[in-house]
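The following pair of complexes shares a single chain, chain A, combined with chain B in the former and chain C in the latter.
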Partner chain A sequence: MYWGGNPAECHPRHFTKYALMPKSKFLPRGRKDRTAVLVDIRPTKSAKAADIFLQVRPGKDFELITILRALIKDQKVSEEAVAETGITLEQCTDLIERMKKAKFGCVFFGMGLSMTRGKHMNSAALLTLAAEMNAFTKFVAMPMRGHGNVTGADVIMRWQTGYPFGITFNRGYPRYNPGEFSTVDVLVRGDADAAFIIGADPGATMPQPAIDHLARIPTIVLDPHVTHTSNLAKVHITTAPAGIAAPGTAYRMDEIPLPLKPALKSPYPTDEEVVRRIKQAIVKKPFWMPEGAQMTAAQV
Partner chain B sequence: MTLTVVNNATCTFCGCVCDDIELHADETRILKAKKACVLGTAWFLNHTVERKYPDALIDGKEATLDEAIEAAATHLHAADMPLVYGMSNTTCEAQRECVALADLLGGLLDSHTSL
Partner chain C sequence: MLRITGGKVYDPANGIDGEVRDLFVSEGKFVASAEEGRTIDATGMIVFPGGVDVHTHVAGGAINFARAMTPEDHRRTQAFIRSQSRRSGIGGMAPTTFATGYLYAGMGWTTVNEAAVPVLSARHTHEELSDIPIVDKSTLTLMANNEIMLDLMEKGEYERAKNVVAWYIWAAKSYGVKAVNPGGVAAWKWGKDAKQLTSPIEGFTRLTPGDIISQLARICHELGLPHPLHLHCNNLGAPGNISTTLDTLNHLDGHRAHIAHSQYHAYGGDDWDEMRSETAQLAEYFNTHPNVTTDAGAVLFGDTVTITADGPWQHLLYKLTGRKWGNLDVENETGCGIVPYTYRPSNLVNAIQWSVGLELLLLIKNPWQVFLSTDHPNGGCFWRYPEIIQLLMCADFRTECLKKLPDKIKERITLPELTREYTLYEIATSMSAGPARALGLHHKGNLGLGCDADIVIYEEDKDVARMFGHPRYVIKGGEVVIEEGDIRATPDGHEYISRPHYAPDTDEFLRPLFEDCYTMQFENYPVEMERIEKPAIHDCVPNS
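What follows is the complex of A and B.
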């Protein structure tokens, strides 16, 4: 199942290389052994690749997911509630039957779900639906990640701090609270008084109040190109593009780590080298924690 | 001009991270990216190793790498609530350094995931 995503245009090889076509021990006929469902607000190019297309009314994803969660447990749902989602009760029950009959279900959800009305509540509802489906069959949910190694960022932060994003170290240990420590919120409120931006271009993607704050505070950018963010930054450092001229590891969206094989040699240093050198320059300065606290080995 | 072929190269344009790409490259640019999709091909072919940009910029003026590293360290160290953000188009090795940097600074740490 794809929910609020358009892999045909955004992840062109997702169908052929990973999710729909591959033949395997348990799915020897490949595509013929799978059922593909697309839930979206309009029939995108991906709809052609799906067996079933469900056109949900914009902003009604959370409601539809909640109805599906009720239906899998044979609870009653009101007809008006179903009608509001733009999907009929017959379509819902047919989908539930197919989900339950599946040997292994996977929901890939895109920004059409996670970035529209309801935002993380939509993602949370879909993850709950996938979790509850495990009472009947094996079922998982996975976000369709946009940028190359954003999965790696989740994995590395989880490994090092216990949390995947939205972290602060301001008490000397990691704490997690999206909404409080997530970047857009921090910038829009004007909390941060310096920013270190690597492998991202918030100057082109974030809401204007957040960009305005980045321009007010000292911003440091590491990027292979001079970006929108570089133009409002105090410091820009050009680095080698990862995977093209810099070696390393990147995580696929299903959390498989893969080695990068750069084909070119860059005249610029790698991100890793520059971050390490900035860190070493900071280590030489007095530690910020008062009362004689010591830096830990992990910090150095 | 030597031509190199890299088999099973990894594409980091999108989250699919396809690792079966065949890259044909000379010393400055990638000429061909076999098996890559339209997005991946554009990603590989648009990067070159030409010195298109200065090593570093401070306040929009060209600077050396050493000066920029020192300036970055000074600004981050002086801040009460520094933010380390992004980490999508980079390697896990660099991400690990970023976590250590945020830890050292007592700062905020966040990625594209929160957007």
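What follows is the complex of A and C.
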């Protein structure tokens, strides 16, 4: 099941290499041995690849998921509640029956679910549905991420700080609060007095007040291309593109790390090299705390 | 160079029990004498070899998922503030990587064995391990639910299976083989479990969990791996599982093995209401079979997060607790479940578990066979080991703790009858010399000439937990890393890797199978040696 995602256009290898086509020991006929369902607010190109397309009314994902959760437990749901979602009760019961009959169910959810009205509540509801389906058969759920190696950044932040994003170190140790410490919030409030941007283009995607602040403060961009952010930055350093001319590791959406093997040589340094050289220069400056001083939890 | 003078030395590997001796260190090893360098006056202090954790979960996909699932714990727990000598981080139930190194070294542990790594995420695990400072590390590869392996075993192709195991170990750059709930995690892909050692596994026609255990134990022996099969038995945590555990041990056919966290495998009774301790039976087995070692997997009351490749058990735990549940399926190889959990003294099952862990440590007579562990973070966090040491060394303290447990517990446990108290010599065996020997790390847990100079020095204290929780000095590879309660240096540790022999055609045999059932390229699968920081390779000599 794909929910609120359009892999045909956003993750074009997902069908063929990962979720729908591959033949395997227990699914020797590949696609023919699988049932694919797409839930979305409009029939995207992915709908053609699905056996069943369910067009949910915009903003009604949470309601539909909750109805499905009730139905798998044989709870009654009102006709009106179902009608509001844009899906019929027959479609829901048919879906539930297929889900329960599946030998192994997998739900992939995209930003159409996680970034629309309800946001993380929608994701939580869908994850709960998948967890509860395990009373009947094996079921798992996984987010469809965007932006290249966002999973890798997320994985490393977690092992170094305990948190995936939205982290501040302003008290000398990691603290987490999305909505307060996320980049966009810090910029909009004008809290940051410098910005260091690697492999992202907030100048093209963030709200105007955040972009205005990036233009006010010393902003440094590391990117293989000149981006919107480069144009408002004080410094742009061109780096070798990872995976093409720079080696490294990328984490797949399922958190499996893949080695990047460069096919070309680049005259530009890698991101890693630039960061290391900046770090070496910073080390030469006086430490931010006086020599021998220890900060304690009580002081912060 | 370094001299440590006047300390009371406990070095079980060399039979030294509290003698006052001087130790000399040069270039990270113990030497017969040293003229120059710093002298640490350890007069009146206690000198141990650095601790060795035979079974812990500190790096990789599962613990990192647990970190993501427990931000509420990070918020309330110990914060590590950045300083000139250390990086910032978070302690608690699932500490961050830098904090993990500081916490282990801070209580005198200098070697840790990450006990469950799928080959698919081995690259990730090694990256995390290189961010764990100070301690030396090793990893074990999950092998007992790998579909390619199980297919070979089902077809009776033992020799081929042996080559494939060796190939996987080298591909993962790991140290040995771990078996978790043999067949049960593969069955979990169908939403099932493997509870009977002699019944065929879901998805197979003949292969049973018992077959997997016998063959893997033999393979580990024949490949000449330094550490024998590291085995997490079937039916973990279930009342009445003692029969499965004993049956598992009989399937070893006399081969060596290490039984992981045996606390979770020593229960009697038919259901949760009837559950009781069956440690006497299990301890008797160890007392009569010196070929097997175990670690306690002791439980301590309080909050923790449970993580294990035992997916079906974690689903049960999720249903029991109704709390968060993470489930990871690792394609062809294994899976993993993550459930936050609180052990409560008022809960009869938890109280029995607490007692069972201690009973095993006290009933198994030979400390060279039973090692200190909590199966971190499953039974409790590793930084609580000093609490267990206190429970082992002080029978009075145990009696005090027992008073807080429900009355109903009395007929179900044997702990109140046990008066044994560990000596310092026995603690040094169980926390260092024993696990080092079981891991085949002969230069660890040993203060003899030529061995690694990993030393912990305690100031004698009646409060045992305080003494072991706050060593006066910790020395890693001859370098003073902890002194006067502060981290002085954070050197990078080594990673131990085994290189077993396999037939040269194994690559070409695996390639088509791999292309059939994996989602990545064959060439991208093995971890490159350049990615390992400070590797220490052990070339295995095969046994016939």
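Everything below uses one rule, namely that the second predicted complex is superposed on the first by the 288 of 300 C-alpha atoms of A that agree within 3 Å, B and C clash if a C-alpha of one lies under 4 Å from a C-alpha of the other, contacts with A are read in each partner's own complex, and residues count from 1 in each chain.
Here is the rule we use: a residue touches a chain if its C-beta (ideal position, glycine included) is under 8 Å from a C-beta of that chain, and two chains touch if they have at least 3 such contacts.
For clarity, every value in this text was computed on a predicted model and none was experimentally measured.
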Worksheet item: Between chain B and chain C, positioned on chain A by superposition, is the outcome a clash or a fit?
Response: fit
Fill in: Touched chain A residues, chain B compared with chain C
B
Worksheet item: In the superposed arrangement, which partner chain does A:258 touch: chain B (first), chain C (second), both, or neither?
Response: both
Fill in: Which of chain B and chain C A:22 touches, first, second, both or neither
second
Worksheet item: Touching A:276 in the superposition: chain B (first), chain C (second), both, neither?
Response: first
Worksheet entry | Which superposed partner A:140 touches (first chain B, second chain C, both, neither) | second
Practice prompt. Identify the partner contact of A:289: answer first if only chain B is touched, second if only chain C is, both if each is, neither if none is.
Written response: both
Practice prompt. Could you say whether A:169 touches chain B, chain C, both of them, or neither, answering first, second, both or neither?
Written response: both
Item to complete: Using the touch definition from the top, say if A:131 reaches chain B (first), chain C (second), both or neither.
Response: second
Practice prompt. Using the touch definition from the top, say if A:104 reaches chain B (first), chain C (second), both or neither.
Written response: second
Discussion item. To the nearest 10 degrees, give me the chain B-chain A-chain C angle using C-alpha centres.
Written reply: 90
Response to the item:
In whole Å, chain B and chain C in the superposition are separated at their closest C-alpha atoms by 6
Item to complete: Starting from the residues of chain A touching chain B, keep only those that also touch chain C in the other complex, and list them.
Response: 17-18, 155-156, 160-161, 164, 169, 171-172, 174, 249, 251, 256-259, 289, 295-296, 300
Worksheet item: Along chain A, where are the residues that touch chain B in the complex?
Response: 10-14, 17-18, 115, 144-157, 160-161, 164-172, 174, 178, 181-184, 186-187, 191-200, 202, 205-206, 217-218, 220, 222, 224-226, 230-231, 233-238, 241-253, 256-261, 263-272, 274-279, 281-283, 285, 288-289, 295-296, 298-300
Discussion item. Considering only the defined contacts, which chain A positions touch chain C in the complex?
Written reply: 17-18, 22-26, 103-104, 131, 134, 137-138, 140, 155-156, 158-164, 169, 171-176, 249, 251, 255-259, 287, 289, 294-297, 300
Worksheet, complete the sentence: Per the touch rule above, chain C residues touching chain A in the complex are 59, 61, 64-65, 67-68, 71, 74-75, 79-84, 87-90, 92, 94, 96-98, 120-121, 123-124, 127-128, 131, 147, 188-191, 203, 315, 318, 325, 327, 329, 486, 516-517, 519-520, 524, 528
Worksheet entry | Residues of chain B that touch chain A when the two form their complex | 4, 6, 8-20, 23, 25, 27-30, 37-40, 43-44, 47-49, 51-60, 65, 68-73, 75-115
